[in-house]
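Take a look at the structures below.
Across the two complexes that follow, chain A remains constant while its partner is chain B and subsequently chain C.
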Partner chain A sequence: MKRKKRIIGIVAVLLCIASLYLVQKLLMPKYSADIFEGALIEDYYNETTEHQVVFIGDCEVYENFSPITLWEEYGITSYIRGSAQQLIWQSYYLMEETLSYEKPDVIVFNVLSMQYGEPQNEAYNRMTLDGMKWSGSKIKSIFDSMTEEESFVEYLFPLFRYHSRWSELTADDVTYMFSKKRMFHSGYLMRVDKKAAGSVPEGKILDNYQFDDSCYEYLDKMVALCEEQDVQLVFIKAPSLYPYWYDEWEAQIESYAKEKGVPYVNYLEEIEEIGLDFSQDTYDGGLHLNLSGAEKLTRYFGNWLKENYDLTDYRENEELAKIWSEKKDFYDEMKEDQYRELDEFGYLKSYGAREVTNED
Partner chain B sequence: MLFTSYNFILFLVIVFILYYCIPKKFRWILLLFASYFFYAQAGVELLLFLLSTTVSTYIVSLQLLRLSGTQKAYIAKNKTVLNKEAKKAYKSKIKKKQWKWLLACLFFNFGVLAIFKYTNFTIANINSLITAFGGTKQLNFLNLVLPMGISFYMFQTMGYLIDVYRGTVQAERNIGKLALFVSFFPQLVQGPISRYNDLSRTLFEKQAFNSSNVWFGLQRILWGYLKKMVIADRILPAVNTIINAPEDYQGAYVLAGMIFYAIELYADFTGGIDIVIGIGQIFGIEMTENFNRPYFSKNITEYWRRWHITMGTWFKDYLFYPISICKPMRKLSKWSRNHLGEAVGRKLPVYISTLVVWFVTGLWHGASWNFITWGVFNGVIILLSGECAPLYQWFHKRFRVENKIWYSAFQILRTFLLMSSLRLFDCYRDVKTAFSMFGTLFTKWNYEVFFNGSMLELGISTADYMVLLLGVLLLLLVSLRQRKGSVRQQMAEKPITVNLLAVYLLFMAIIILGAYGIGYDASQFIYNQF
Partner chain C sequence: MKNKIILILTAILAMSLMMTGCGSNTADSQEASSQSAGEAGFIFESGDTKVVMNAETTDILESLGKETDYFEAESCAFKGIDKTYTYSGFRLYTYPVDEVDYVLSVEFMDDSVSTTEGLSIGDTKEKVIETYGEDYEDSESSIIYTKGKSQLKFILDSGEVISSIEYLAVTD
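Here is the complex of A and B:
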């Protein structure tokens, strides 16, 4: 009798744990209908091969660079580990995590996040951190990123954070319980629509233009980590017109890069050379580039990479060619779908998101 | 450390594991350390208050014990030479000394409570008086933070001291044990206000692990969390919306607010006590019940016998009876019997004691005229309902309604609405607003708001209302089952799978439907503030 009770007890506990896991999976946001960028970080783990170039940073990388173009034009394999309002320490820990999976030749870091010296916003934290697999890097990133209202327990058990989503569940929450909707192109979030940039106002006057010490601390860590791993680190400032990039910020980055011997390119100063036309190449008035803009920037950047680094052209590699050809097909299909949606509705209704999961 | 915080859950799990891992004789010591650790989370400096109450009570209780011992020894030694009068005179002399010790300790401890709880209230009243008499000078308020749970542990400890003085409790010689009685962490912040004889029976006992106790305790804790997190905290935004904007929410909204607050207060306070008693139970410690299905009361007197029972009995034993039988009251009673008649002479002490008790009860709940008015109104209604008792009896007999279900339901509803109306003083910012809002129940005829979607604009959604409805139905169902005894006991008689399923559903309901985490305000238990 006692034995029977014990078995029932054990089975009950196991069932309880299993159901908690399933409920957690069900209630976690799927980012399948909007705010797609919430699923970007997790998408990286579907990659089956290593990359020569890895981009790390905020929306200025995942909206502005197209790894498919980099492959097509230069045979360079690349991936963007980008997420919305990615803070510099999050970038560092993503870099650390990425280097535990692969060893790229070049890591490109977009420096816009130097402006934030403190945790900013729980929703953005979640978009970067929830998708990461559990590791020391993730734990450190969580502790450094948490705002006052956040708790580590809610990262450990996201069910405690998302429990109240029960009243807003949709069919997508069931469909994408175990595998997210396929939306990205090696970390690039495609947008083909256009919204021309108007006149760019001067940035508002700040009390202090000096980057926070903690940002420099993480920049130092990035430099040290890349040196240790023998990876070439490159700093960039993507050519987004907003948020405003101050001259004072530029001077600090230039000086730091020079001091550390890290190449730095500010693409805001090379808009003409890239061929960007902000009446055509942005979908939100200059904050982010659309597909046409991203492809132009990527071509320009790929050329710079080729000129400066000895990166192998893998287009002749059968295995990689097959993988990237499949990626290209998906890229083209989405492009086509988005143009069709634009024609049909006048706006991007589903962003060309096909009902396929990463496992399909 | 809120009971609903992750830190508290972690703390509880660690204490629980350690408790059953260490030798039995050290378990009460672990609870003492845990209690002080728990209290220190609110501020290490606050431990001074806890310590001062414990040490002063310990010293005085030992003095009382010593004096009792001296008295016994003296009488035993001089048994043959002391006549009855001499013994009486000696006892009276000792009692006087004990009384002085008791009084000193009561003054010291209640003085601390009064300073922290009532100084700014007194200053506010003095300022109002100065203004009323045309003065311009105003006293500055003091920056005093009320130590957590002081009203509860102070009453519990002073009750213990009075019992020692009365000789109904043997003074505790081990200061550690007394310290644990004062500070036992589950009950420290919102009661129940335990009696030493009740709590000490199991608190210091060498507890062995008892799976049945742990299982029952766990069920009670979960039930408490369900009440607090799924019901009380979910309805809170609607209550706040209504009471914080009396200029916008009147009439039907006041009625809704009364009902919502009744639900919130019940779920919050009884939920908190369920958690407290459940925690005690998993450690093998029995605590006094504080509620007995109060919303099923048929009159206000019965309600107060069933709501916050330990506070009610504390006031009855340590305030009502002493006032009723004190010398001045006996004199007043005698005088009024002679001059105003037998009935008045008999009732006057009861009336005065009742009003004093309810004035103090109001004051205990909070340093504001709202609570004092609330308390006095309770007292007055209790007295009035006592006066009307013969009329009710006549009515019941004449119309033969006493045992009719519909009449019982009417009495329950009447009491519920009466108590809910009185709680308006608890809700609104001042007495005037409370009266004014009560008036709008009859003057502002906007009851269509119950049907035109306005109730969805109070900060809670349709989904919230659905959860609340289910939650309240569950409370009702459980309360009805409780008429047949402990629901957990009834459940235990069912197959183990039914029990497991019930606990699982309870657990999942809290996890999924609980109003906690980001997006919800971390809400303190209402009675923590007292």
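Here is the complex of A and C:
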């Protein structure tokens, strides 16, 4: 009798935990209808092979580089571990986490996030942190990222944070409970639409152009980690026309990179050489490149990689060729679908774009 | 036995429903701080137009007339566009909340415009303090006054001469 009661008790507790787990899975945002960026970080864990090059950073990496092009043109395997407004400490911990899964030859870090020395915004934090698998890196990243209003327990049990979503549930919340909608190409978020850049305002005068000490600390950590792991670290500044990249910031990065012996390339200074045309190669007026621009930049960057690093061309490797052929098929399918939507609706209706009106 | 199982399952269901019952904002929007022209706060004036920080921009933009330049930037990931309107001597920046635009800041571009109290780019730190008082936050190169849900920020060149003036909204 006692044994029976004990078993019932255990079953009850397990059922309780399972129910809460399922409810949590149901209520967490799926990022399947819009704000697809929220699913970027988690997508990495679907990869089945290692990569020679890993990009880390904010939207200036995941919207501006095409791993498929890097493969097609150079046989270089790559992945972009990007997320929206990814902060430098989040980048460091993603780097640390990535290196627990694989050892790339090169890690490329976009330096725009050096402008943020403090936690910024819960919504962006969530998009970087919720998708990470639990690890020491994730825990440290959460503690360094939380704004005053946030608490660790809400990251540990996201149900506490998202319980109010019950009124916003859609069929997608059930469909994508255990795996997200496939939207990315080794971490690249594709946009084929076009919106020419007009005049981009110069940056405001700042009272302080010095990057925060905390940002330099994480840059130091990145350098040390890559040295320790024998991974080549590269700094870049993507050729996005906005947010404004100050000369004072450029000077600091150049100086730091020189001091540490880390290669740094500012692609804002090589727009002509890359062949970028901001009347054609951007989908949002110069903030991010569209597919055409991303492929041009990737071709240019790939050439630089080839010239500076001894990276194997794996296009003749049967196993990798098969995997990347499938990735290429999906890439082409999405490209075709996006062009179809542009023809049909005038904007990328299913891809997070806003409807173009006569006022635009 | 059967009753016990039903009781346990009911308890589980009740717990799950309790967790979904509370109301809370989702992690995808910011609140606009509302502030009418009558409330305390720094107000920038351009001709007859009063630009109140955090105010809806529709009437303000209509009153200011056609801008000399316009720029918009979609925010990373989220729907919503940050807009920049350039006029003679100043720029007006907006932020969106639920598809409505609010005044984020007004930045002076040159000395052709002045604050309501008469300060312009090129004036001295001394004049700023004489005009606005000692209740400010400062750093090596800036002085910031806060009033209501707004701030007035003076950036100083070499700590002495105003190189930039900006009205800022304090948002939630």
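Keep in mind that, in the parts below, the second predicted complex is superposed on the first by the 348 of 360 C-alpha atoms of A that agree within 3 Å, B and C clash if a C-alpha of one lies under 4 Å from a C-alpha of the other, contacts with A are read in each partner's own complex, and residues count from 1 in each chain.
We take it that a contact is a pair of C-beta atoms (placed from the backbone, for glycine too) under 8 Å apart; a residue touches a chain by one contact, two chains touch by 3 or more.
All values reported here derive from a predicted model rather than from experimental measurement.
Peer 1: Could you tell me if A:Leu159 is touching chain B, chain C, both of them or neither one (first, second, both, neither)?
Peer 2: After superposing on A, A:Leu159 lies in contact with both chain B and chain C.
Peer 1: Just checking: does A:Ala171 make contact with chain B only, chain C only, both, or neither of them? Give me first, second, both or neither.
Peer 2: After superposing on A, A:Ala171 lies clear of both chain B and chain C.
Peer 1: Report for A:Tyr242: first if it touches chain B alone, second if chain C alone, otherwise both or neither.
Peer 2: Second partner only.
Peer 1: Going by the contact rule stated at the top, is it chain B or chain C that touches a larger number of residues on chain A?
Peer 2: Touching more residues of chain A than the other partner does is C.
Peer 1: Taking the superposition as given, does A:Pro201 touch the first partner, chain B, the second, chain C, both, or neither?
Peer 2: second
Peer 1: If we overlay the two complexes on their shared chain A, which of chain B and chain C does A:Glu149 touch? Say first, second, both or neither.
Peer 2: first
Peer 1: So chain A touches chain B in one structure and chain C in the other; where do those two contact lists coincide?
Peer 2: 8, 12, 15-16, 19-20, 23, 27, 122, 159-161, 163-164, 166
Peer 1: Give the list of chain A residues in touch with chain C in this complex.
Peer 2: 8, 12, 15-16, 19-20, 23, 27, 29, 34-35, 37-38, 58-59, 84-85, 122-124, 126-127, 159-166, 168, 198-201, 204-208, 242-243, 284-285, 287, 354
Peer 1: Okay, in this complex, where on chain C does chain A touch?
Peer 2: Touching chain A from chain C are residues 4-5, 8-9, 11-13, 15-16, 19-29, 69-74, 76-79, 84, 86, 91, 107, 139-142, 153, 155, 163-164, 166.
Peer 1: Could you please specify the touching residues of chain A with respect to chain B in the complex?
Peer 2: Interface residues on chain A, with respect to chain B: 5, 8-9, 12, 15-16, 19-20, 23, 27, 122, 149-151, 153-154, 159-161, 163-164, 166-167.
Peer 1: Could you please specify the touching residues of chain B with respect to chain A in the complex?
Peer 2: It comes out as residues 6, 461, 463, 496-497, 500, 504, 507-508, 511-520.
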